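Each of the two complexes below includes chain A, the first together with chain B, the second together with chain C.
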Partner chain A sequence: MRLTLRALISHGRVARRIGLGPESRINILRNILTGLVRHERIETTRARADEVRFYAEKLIDYAKKGDTNEKSMKMADFWLTEKDLIPKLFKVLAVRFENQRDGCTRMARIPNRENLDRASMAVLEYKGNPFPPLFPMKRVSELNLLNQLLKAYREEKAQMCCVWLVDA
Partner chain B sequence: MFLVHTPLSNMAACTSRVREMMGLLRILRHFPQNERLLSTSILRHAAASDGPPKFTPPTKPVIIDKTQKEASLRRFLSPEFIPPRQRTNPVKFSVERKDMIQRRKVLNIPEFYVGSILAVAMTDPHVNGNLNRFVGICIQRSGKGLGATFILRNVVDGQGVEICYELYNPRMRKIEVLKLEKRLDDNLMYLRDALPEYSSFNFDMQPVHYEITGDVPVSPLKVKMKPKPWSKRWERPKFNIKGIRFDLCLTLEMMEHAQKWAEPWRPYDMLKEYDTFSLEEQIFKEVQGKSQNVNSP
Partner chain C sequence: MSLSGLLQFVGRSLQRLELRLAQAAGFDSVGPALAVNGPQILPQSHHSSDEENSEPSFLDSIFWMAAPKKRRTIEVNRCRRRHPNKLIKVKYNIEPCPECGNMKLKHTLCGFCYEKVRKETAMIRKQISIMEGRPLNTPAVESVVLYENETPSEADKDKRIVERNRKRPYWFNM
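Up next is the complex of A and B:
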């Protein structure tokens, strides 16, 4: 038995430990990625979402190379377990992100899961999806009572200033 | 047509004819297009004859092959120039590269691969002539930057010897490539468990001529191994070894058992990919530019 520290010290390791082992980790991420490509917005635990984010962006990079590219096709074939999503990847998602270099995904944190484990959850989505935005734009309405009162106050103050300038 | 084999029986005739040929050679050297046709056998015969005064052969003509254009020359970037995938500041790598190029201007580090046979001379205070020479096959090239190393293996008096040399060690005097070739693998550590005939090379081996254009010859040699146990389980797919004759030492069952450790998802794991294509281009241009700055006065 080789007693190395290599297994204990994790300096520079970029892959998180998910599931039962390396094969299990890849299978879990593959399932999540397939779900993401199908539904374009997915809810998982924070760690898994962070891992899948990298693979999702790399998959889009491969898809951008075109479906005639052998390597891209093999990658898509491996990562997408539901084969009807392969044409969707190449014809919809790759076209959507044609002009963007990177930043195809967005991750948002969510309150913890209701289960006993209280896991920290996150939402992972591809940008440009048809759902309502995760971070809705706050539009300030002028017709609120408070805004109307403030508007009137600002106008009065402006009038007072003009009167004061004319007087002096 | 200029080859002359002088019979060594007649000493006087030999030296006079040699002197004639020397004169002819000196005249011919002024016509550079004939240099390639000149043979150096005359010079060797001259050196063999021991007549006073001691004859020192003139320097051999340097044949610069200007027919080949620069584009067809083999582009080689030494692997220690390519920085690893790290979180360090790229300034560190550029400064190191500058130092490496500076050292290369002083010491000629030739192009070599794992599987080529090298002769290395280091300064050593404990050796008579101060120079410690070792000949061996390169089994591994590791390390990046100034700490780049290569391991030479040879069998000396029945004992296998491996020496790890640093390319940029200031004690390094000379690195010459006796035979440039590639093997089927990037790492020949399995030679430790192979029969000793595959690692033994003569110390007085003469350099074999190699082309500066075209591809490096890949030797399809498959090595026969000593019986198991080996230092590492070379049949496992993680080593991905193609240069061993497994059919002679392992059964089909053992090969299939080894495939249990195959990770079929490995080639699809994008996290493990490190694309160095653009980096290589950039660094190659930089290195070429800087090394040519000194060459052109």
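Up next is the complex of A and C:
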């Protein structure tokens, strides 16, 4: 027999609660999304970045349909509060991602915020932005001690092989 | 103690509690809120003061407050204070960043390296805002950042060029 109310248990519920309510959540995410489209790289809390990611990719999908599309224009008009970003969305971002199906955004975690709240932060960016990359390129340098030793080992093995072949 | 006596006592305590609450809230006299204190004809104040003096004060409030019965021994205190759920958890997901050697969490960007990137991004954004002039003036073209002694290449023909007055940092190759 069920002794507790279903409303008090939240097992398996995946929807996040942000802000003061559903409308507030949409407003907050709309502001973040506008900032992301303007600046192409944004630092927010982890939960908000995760939520905005979905909306950012969906917005690009709508933008790819073209700016003559009625629905796309309505979506862009609703989601972007600063109206000078609508041409940028349709002419720059949609064109940048026209050959990709998904994976237009990248989210990376950052160390916690320095404030008293120590909030867990994330940086969210559209791929292909003009800024320096977040993840450094992996460079394999030959001047490492390990690589030098391995190089010498390979050369010695090659020499031994040649000597053996010559002997035989 | 009889049941009726107990009920009378509870009733009287409740009335006194109500009076106390009303006094605390600011209503000084019993009766309607807008009533003004008239001349004291009936000897009511004496009656109420006699009642208060006759009964001892610890029976006044019907709220019996919780209080510890015994001193908690140091052994019990230690058990509570040193329980694992009160201690700070040890983190095992700390590793050195391969680029700069500072410590970082495994699934997180290195703070030092990210700070470098953040500062450079801020400088680039400052340059962009100078180029744009007024707010809400984003052009509908891509941007590319060029450092000192760099010329735009074939792919950068249609893009807006953002110039930075320093040599290219080694961690920004693109």
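A few points about this structure:
Note that in this section the second predicted complex is superposed on the first by the 141 of 168 C-alpha atoms of A that agree within 3 Å, B and C clash if a C-alpha of one lies under 4 Å from a C-alpha of the other, contacts with A are read in each partner's own complex, and residues count from 1 in each chain.
Criterion: a residue touches a chain if its C-beta (ideal position, glycine included) is under 8 Å from a C-beta of that chain, and two chains touch if they have at least 3 such contacts.
From a predicted model like this one, the values you see are computed outputs, not experimental measurements.
Of the two partner chains placed around the shared chain by superposition, chain B is the only one that A:M75 touches, whereas chain C remains out of contact.
In the superposition on chain A, contact of A:P111 is made with chain C only, not with chain B.
When the two structures are aligned on the shared chain, A:D84 is found in touch with chain C, with no touch to chain B. In the superposition on chain A, no contact is made by A:G66 with either chain B or chain C. Of the two partners chain B and chain C, more chain A residues are in touch with C.
Residue contacts after overlaying the shared chain place A:F54 against chain B, while chain C stays out of touching range. In the superposition on chain A, A:P22 makes contact with chain B only, while chain C stays out of contact range. By the touch rule above, chain A contacts chain C in their complex via residues 38-39, 41, 43, 82-85, 87-88, 90-92, 96, 108-111, 123, 130-137.
Every residue of chain A that touches chain B in the complex is listed here, in rising order: 12, 14-15, 22-23, 26, 54-55, 58-59, 62, 74-75, 78-79. Note for the complex: chain B touches chain A at residues 86-87, 263, 265, 268-271. By the touch criterion given at the top, residues 99, 104-105, 107-109, 111, 113-114, 117-118, 120-121, 124-125, 136-145, 162, 169, 171-174 of chain C touch chain A in their complex.
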